[in-house]
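Here come two complexes built around chain A, the first alongside chain B, the second alongside chain C.
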Partner chain A sequence: MSLWVDKHRPRDLMKLDYHKDQAIRLKSLVQQSDFPHLLVYGPSGAGKKTRIMCLLRELYGSGAERLRQETMHFTTPSNKKIEIMTVSSNYHIEVNPTDVGIHDRVVIMDLVKNVAQTHQIDSSGQREFKVVILNEVDDLTKDAQHALRRTMEKYVATCRLILIANSISRVIPAIRSRCLTIRVPAPTESEIANVLHIVCKKEGLSLPTELAMRIAKSSDRNLRRALLMCEASKVQQYPFTADQKVPEPDWQIFIKDTARMALSEQSPKKLGEVRQKLYELIIHGIPPDIIFAGLLKELVRNCDMSMKCQIASHAAQFEHRMRLGNKPIFHLEAFVAKFMAIYKKFMEDSLGDVF
Partner chain B sequence: MQAFLKTGKISNADKPSSSGTKVVKKKPPAPWVEKYRPKTIDDIVDQGEVVQVLRECLAGGDLPHLLFYGPPGTGKTSAILAAARQLFGDITRDRVLELNASDERGIQVIRDKVKSFSQLTVSNKRPDGRPCPPYKLVILDEADSMTSAAQAALRRTMERETRTTRFCLICNYVSRIIPPITSRCSKFRFKPLARENVIKRLQEVCEAEGVDVGNGEILQEAVHTCEGDLRRALTALQCCQRLIGKITPEGLIEVTGLVPQELVDKFLSTKNYSELEAFVDSFLMDAYSASQLLEQLSATVVQSGHLTNKQKCVISEKIAVCSHRLLDGGAEVMQLTDLGCTIIMANSDP
Partner chain C sequence: MGDYPDPDEEYELMYSDELELLRDMDGNTESNPIRKKLQTAKRSLDFSSPVAKKIVSNERRNSNTASNNSTDGSFSLTPSLQHLDDILPSSNGPNKRTVEDLFGDINDIDFDNIQLPSKKQKTEEECDMELIDKIIEGRRQRQLLTEPSARGIVNTGPNYVVKENLTTSVPKWPFIPLKNSNGDRIYVRLVCEDLWEDSLDKVTNQLSLQTTYASVWEEARKIIEAKKQETESTELSHETGIKDNVVDELWVEKYRPKSYVDLLSEEPVNRALLHWLHLWDKVVFKKDVKTKEPHQRIAFSKRTGQFQMSNNWKGKKENEPELDEDGRPHHKVALLCGPPGVGKTTLAHLLARLAGYRPVEINASDERSTEAFQTALQSATLMQSVLDAERRPNCLILDEIDGAPIQTVELLVKWCTASAKKEEGKKKNKTQPLKRPVIAICNDLYATSLRPLRLVSLIVSVGSTSAARLAARLTRVSRAEHVRVTARALGALAARARGDVRTALHLLAFLKARDRETINVEDVENAAIGTKDSTTSMMQALQAIFTINDSEPTSILKTIQAAGEYDRIVEGIFENYLTARVDSRLLIACETTTWLRLYDIVSSWTQRTQNYSLYSLLPLCIARCHSLLASRQQLKVKFPMQAQEMSRRRAELESAVAAVRAARVDVSRRALRLDLLPLLPYVLSPTLRSANIQLCSETERKSLRACAGAMCDFGLQYSQQRTPEGLYAFLLEPDVYKVAFFGSEERLRPPPAVRQAIAREQQLEIIRRNENMMNRMCSKNSSSEAKQKTDKQTITKDVKTELPNHLQRLQPKVIEKPTRVSVSFIYTN
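Entry: the complex of A and B
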């Protein structure tokens, strides 16, 4: 039995639940004779992948859905062997080049070359190109992105690229200008609630409107998370009640706890405890930038405006340094320490005014 | 068996005819940018002086070393490609070596590939006997991304092989080219294109493509969003045409990834922190790009009428800092929050 997220994923462009005009445009794009490279961007859980799979189905028919996993091997110029997982069908291959860290350039160049050099066996009834899907393009190294731009032009006859990114700020303009960019905004809360209703109806469950709204609200406009939450609350308690507790992701609660600790007392001892918590978060694989954003959001909650500004500017500074450095814990801890210093000074000043 | 072989033969005989029909199959349409690249130097939009000089060079059949610089989309590459075509005609392929940033272009390539190419001597006659200039052309596109070691390796090669080879360097920022190279070249600055000329050119292309653009307003909009970059304007128009089927101002904004002006204004007039938080959240959820926002914000702040000079200074400085951090890979939410705080503080303290 699969999760609802996979089970009820739309398989046809026309059956998508939101951004319908965009779906129509994509459909008309497929019907034209030429198909450009695409750059699809949007926050996670907005439905980028769903749209791309629908698009592939539209291009190649249901054959594009028969997927298999393979491990591919590459050799870097420095003779290091690297391997990477790929998911492919007869018509496309999907890969996540950032898995191999700084060697992503080799993967991109070799993979695209491999794919582009083999033609479709029977090109009469089908498209004459294959599709390469690259995930997380915004996290590619600059080297890899530059390599991509030449590759894109060179092999345009036999292969098309579909690039997926969370935001295009970090994609170099040269790539942006070579692709047709497609923005996929996150669904609004009412759209999410609507989808939840549809899914529950398909499952034969009755979902109170109020609960659907609450799940939508706490999902941060992430449809995948909303569906998972909905399924989790069904496991917890069914039939649904309108005031049922919506399970929150553990790590969010954990970050809130951590922030509360920093607020409760400002001392080196407490800082040590906070460090333990931060370590635990990192060990469990929560990305440091999410920890940063979560901490900032919680910490500034009861500060006045000038303090908020100070804290936000320090957060931005430490987060930037974290990107340049390679140990996130230093910068997370530095931020908490800085916050404690500011907060303590503020408290002492205001107490001083009272007496 | 005999029959089997025979049929094999027959199908073999059939094959050429079927592949013959296949050749007729139309090639996929080229991007407009390539399709309408100027064929001769006289087609180049604007850039009167550069074209004038090039024309005289072509008439004399001689070419100095060239250095073209200017903002993107002003016709630098087009100019040299058109000139090369006019100089060499159908032997352009043998006489021109074009390298751009995506080719491997370290010091090794300069030493091996460029040097050996430039050492070859060529005749002053074409294969069919007509005269042509007795030299080759090396085009180094996007030369500002070459390392200075590679540029330095070029110096002596440029001088020694003048007899057989001319170099043309193309870059956006002349300051990134080392002085010994700039002093060996005649420099040409490509100005940003004038509005009317861009619009005229776009109109010609649209007419040739049979695209209806109504009156000039949409093209005005296109030029405005692309800031005098003809290539970007053309690409945007084509994307828009492809995706939506007709060209509309909203479609142009969508395909160029611009942030709607209302959002920029809203960000600039944020009053308090909770408003800011909500704005940043929804901004990122709608998948707009933060770096694009910074770019547009900077233009808005500088031209704004109701901000004092002090406010403009404070905000512009922060924009610069945040933009740098974003380029380094900083998280968008942090940088926008930081910038927003600065704007709030500046707004409350005129």
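Entry: the complex of A and C
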């Protein structure tokens, strides 16, 4: 593991750099003989996975860190063969059911049953249960979530589930109530800067404080991104200078460009050009909700106060509708068109007042 | 004027071959000489018999007036016989008298009913005698049949036989002796008066013209009555749906074109296909037809070549050679395409038969897997029918080919394109080139499975029949079927069928079944059935959406529903709506997208829940867009491509992401896309002052190593590949640069030298990692087994016990690096 993100990932609950109270609580939770299912949620790059791995190490010792990758095969009721990659140790198995799209229900049912029905071989091990880690639970289909809720109770004796989600708003209440929910908030900018300093020290580099703050700011409070940006800027230019260019993910720049385009001119022709850019973003696999958020952020920055509220409410509405539909490009373009219409009307009105 | 042939002549000249062929065909159909004679015989009978009757009756009247009543039948007979005897010796020799000479026109005798003697068993004389007897007999029967009035005479004949009433010798019956003008004595019979009266009555009754006339009238009326009843009853039966209808042929079958002139399809179409069929003649009929025919036909094809110069009904094909080096036509397959019901199958069958082939049809009802198809192809194109009397070659007709699986079509194409020269072997038998014409028929020319076939085939598109032609044909049919239809109704019918002959005929049959007297326009228009479920293409619908239709403003919904593919239509709207109308304030755009969004939500809801209750909303959304976007100016609608293009490119990049993810499953996909992959390329392009690693500084080497490590972590690799320019280049696989950047990736790619260095470093890194792994395993085993023993010993022992025999030669390699064990062990912990 040579990327800083992986190399300097804390492995012990006590060595975490922030949310230390939470770490202590988790440790005490594990030290009791039993613990309930967990639902860990928080924004991307906040350290959910890190905490969970620390927790596993706390539970089973270093054996939980010996990971192997396996491909598992399932057959859907419609006789379709699906396969899914899993990461497992002797004590736990981690899977991302959304990899198989709408067949995630089958994966959850079969996998959890498989794991739960076999007892721990090594009885000398401390715990009687295994752990199943499910990633991106908020993207599971409703079917899969419903399948999960009964299995959670049924096999509670032999396995514990740790669910990871970005937000619990799309996790059905039945699952929420069956789990102990743990929120992992994003680190503050100063916390991020602190972590950057620590990592650079470990690497034997000197990081100017201003640069650390700049990185922290542009990282969107995402520690993973911050570390990657730091490493990237190190590769670009080493002895660090306070005002050196910090590489940003290209898609962020692209979204900003798109928003600027919409601001520069409001016409059907421009809308067509914006559409091409939106297509490009979708092609690169940027989730449409991220595009929505990015656009809104950039558009609102250059708006009059009276418009801001209007545009934000429209964005929320359009984003919600988009989740009901299949073609995000329609909704994205509709939002841009709406913004253009509002903006143009506002401009004309204000110009009309001038004359 | 002199230089140019007048139109008629020119037509003759142009179509002389076809005309000739048509004449041939006519000759063929009436080739049976016996039948021909019979036909003419019947005709002569029909027309001449009343005249003959009249003559007979005239003669009778004359004889009545001339001589006494008693001898009228006998006198009329004797002179004619005498007359015959007078003529015969003068004209022909007595030996050479033919049947006809003897008996006059024998055509009135129905030879079918008379059994002709078998000539083998009897001598010629006997034969002749027998024939004479037969003819006499036959004629008598004929007379009985045709002239019932004469029956009386014949039946009551015995009393009046001439020989028995008049004799020159003294008879045995009562008589009166008389003397004739020559002074010879003759004896006339005396008959009882009662009997005489009786017979006279009978004769007069039967001979009276009035009564016969009346009876004939009666008979005629009866026949007419019966016919009327019959038609009425059939009408009734139509109405009540009695089985009579089933016994009748369907009109579609009944009025299927039976000759070239009957065809309803356009003349150029027919001619194009016929011409193509004739191009095969050189190959097909070369051996079979030894007489002038093949020669003629080759000349024919040459001649048409000349004609093409002056007549441009075939336009572009002038320059193209029509025959390839094997003497086969350039296109091996004719692909007939057109909407259903215009007569493609009929056309193919008819023309194949017309050109002298035996049509062999394979359609969707037959099995069309590749094996079955191959056997069918072979049997149809290589073999010849034994049963067919005229030994005509086969012509393969592949009906409904657009439904065939793509492999089948590919097989057909391969089969067709195999030339005689190239013997690209088909395992056992050397591929025989296709030597028989193949006609494929399809509805949808642009079906994906037909793509390979389209390139090699002559495409003949059969357009839908024009309404006027269809109406004319319908008039003929209705006349033949005694259906009273107004001309306008037929016109409406034809318009309604939209060129589909089949539908039109069915509809006509349906209308006839109703009990109305005449079929009016209203009937046609009010008939709830028979509206053809017309299919408009997606592009037509799209065009309709963007244009205002003044004549039928409400038809847009129907058009959309007819086109069906809502998703594609919506994509088309989405790609075209911005240019449709002047919309500076973007209000129309907002409104349109609102409806498109609604469409999206409804359709995905429908798909998700499989609940189609809201499905009918979808065309309404589209129709609403029409009301927003339609304009009078003609918009050039673009075919919706963007969405497909997008999904294609997306899948491309997706595969790169998936490849990376296969190496790093523990990172969620979202994090990989948003954080890791966009920033990874920066880490992967270290700045080196020189490509030579040995000259690099320590920090540079470190960063190079970090880069290689990252590449190993994410399963990336530089692989050497040949570029189109012929140079070798190191390309990253999977290409994360493409995923990470929006068009600016080339700027950031490391230079080739650095790439090479990275690739080398990565190889080293992989080796290093494997070593680490191996050492860790070994050291662990050693620690668990026995701590007293030295490392060296345990390792050797371990290797000995662990490794299977075939791997034992790896042994020394492991032993050689005992020092590294401790180092790496410490490093990893």
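Heads up, the rule we're going with is that the second predicted complex is superposed on the first by the 352 of 355 C-alpha atoms of A that agree within 3 Å, B and C clash if a C-alpha of one lies under 4 Å from a C-alpha of the other, contacts with A are read in each partner's own complex, and residues count from 1 in each chain.
We take it that contacts are C-beta pairs under 8 Å (C-beta built on N, C-alpha and C of every residue); 3 or more make two chains touch, one makes a residue touch a chain.
Owing to the predicted nature of the structure, the values given are computational and were not obtained by experimental measurement.
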Note to self: One more residue to check, A:R221. First (chain B), second (chain C), both or neither?
What the structure shows: first
Next item on the list: Spot which of chain B and chain C makes contact with more residues of chain A, would you?
Entry: C
Note to self: In the overlaid three-chain picture, which partner chain does A:Q236 touch, first (chain B) or second (chain C), both, or neither?
What the structure shows: second
Notebook entry, point to check: Which partner does A:R11 reach: the first (chain B), the second (chain C), both, or neither?
Noted result: neither
Next item on the list: Check the residue A:K201 against both partner chains and state whether it touches chain B (first), chain C (second), both, or neither.
Entry: neither
Next item on the list: Report for A:K80: first if it touches chain B alone, second if chain C alone, otherwise both or neither.
Entry: neither
Margin query: I'd like to know which partner A:R66 touches here: chain B for first, chain C for second, both or neither.
Written below: neither
Next item on the list: For A:L324, select first, second, both or neither according to whether it touches chain B, chain C, the two together, or no partner.
Entry: both
Margin query: A:K20 in the overlay: touching chain B, chain C, both, or neither? Say first, second, both or neither.
Written below: neither
Notebook entry, point to check: Which of the two partners, first being chain B and second being chain C, lies in contact with A:A337: first, second, both, or neither?
Noted result: second
Note to self: With the touch criterion stated at the top, can you tell me which chain A residues are shared between the chain B interface and the chain C interface?
What the structure shows: 324
Next item on the list: Name, in rising order, each residue of chain A that touches chain B in their complex.
Entry: 25, 28-29, 32-34, 36, 41-43, 46, 146-147, 149-151, 153, 157, 167-170, 176-177, 180-181, 183-186, 221, 289, 292-293, 296-297, 300, 305-306, 308-309, 312-313, 315-317, 319-320, 323-324
Check: Which of the residues in chain A come into contact with chain C in the complex?
Finding: 1-3, 5-6, 44-45, 49, 67, 69, 85-87, 94, 96, 98-99, 135-136, 164, 166, 222, 224-225, 228-229, 231-236, 238, 247, 249-251, 253-254, 266-269, 271-272, 279-287, 290, 318, 321, 324-327, 329-331, 333-334, 337-338, 340-341, 344-345
Checklist line | Complex contacts: residues of chain B adjacent to chain A | finding: 26, 28-29, 100-103, 231-232, 235, 239, 242-245, 254-255, 257, 272-273, 277, 284-292, 322, 325-326, 328-335, 337-338, 340-342, 344-345, 348
Check: Any idea which chain C residues touch chain A in the complex?
Finding: 574, 578-579, 583-587, 589-590, 593-594, 596-597, 600-601, 603-605, 607, 642-643, 646, 649-650, 653-654, 657, 661-662, 665-666, 668-671, 673-676, 678-680, 682-683, 685-687, 699, 703, 705-710, 712-713, 739-742, 744
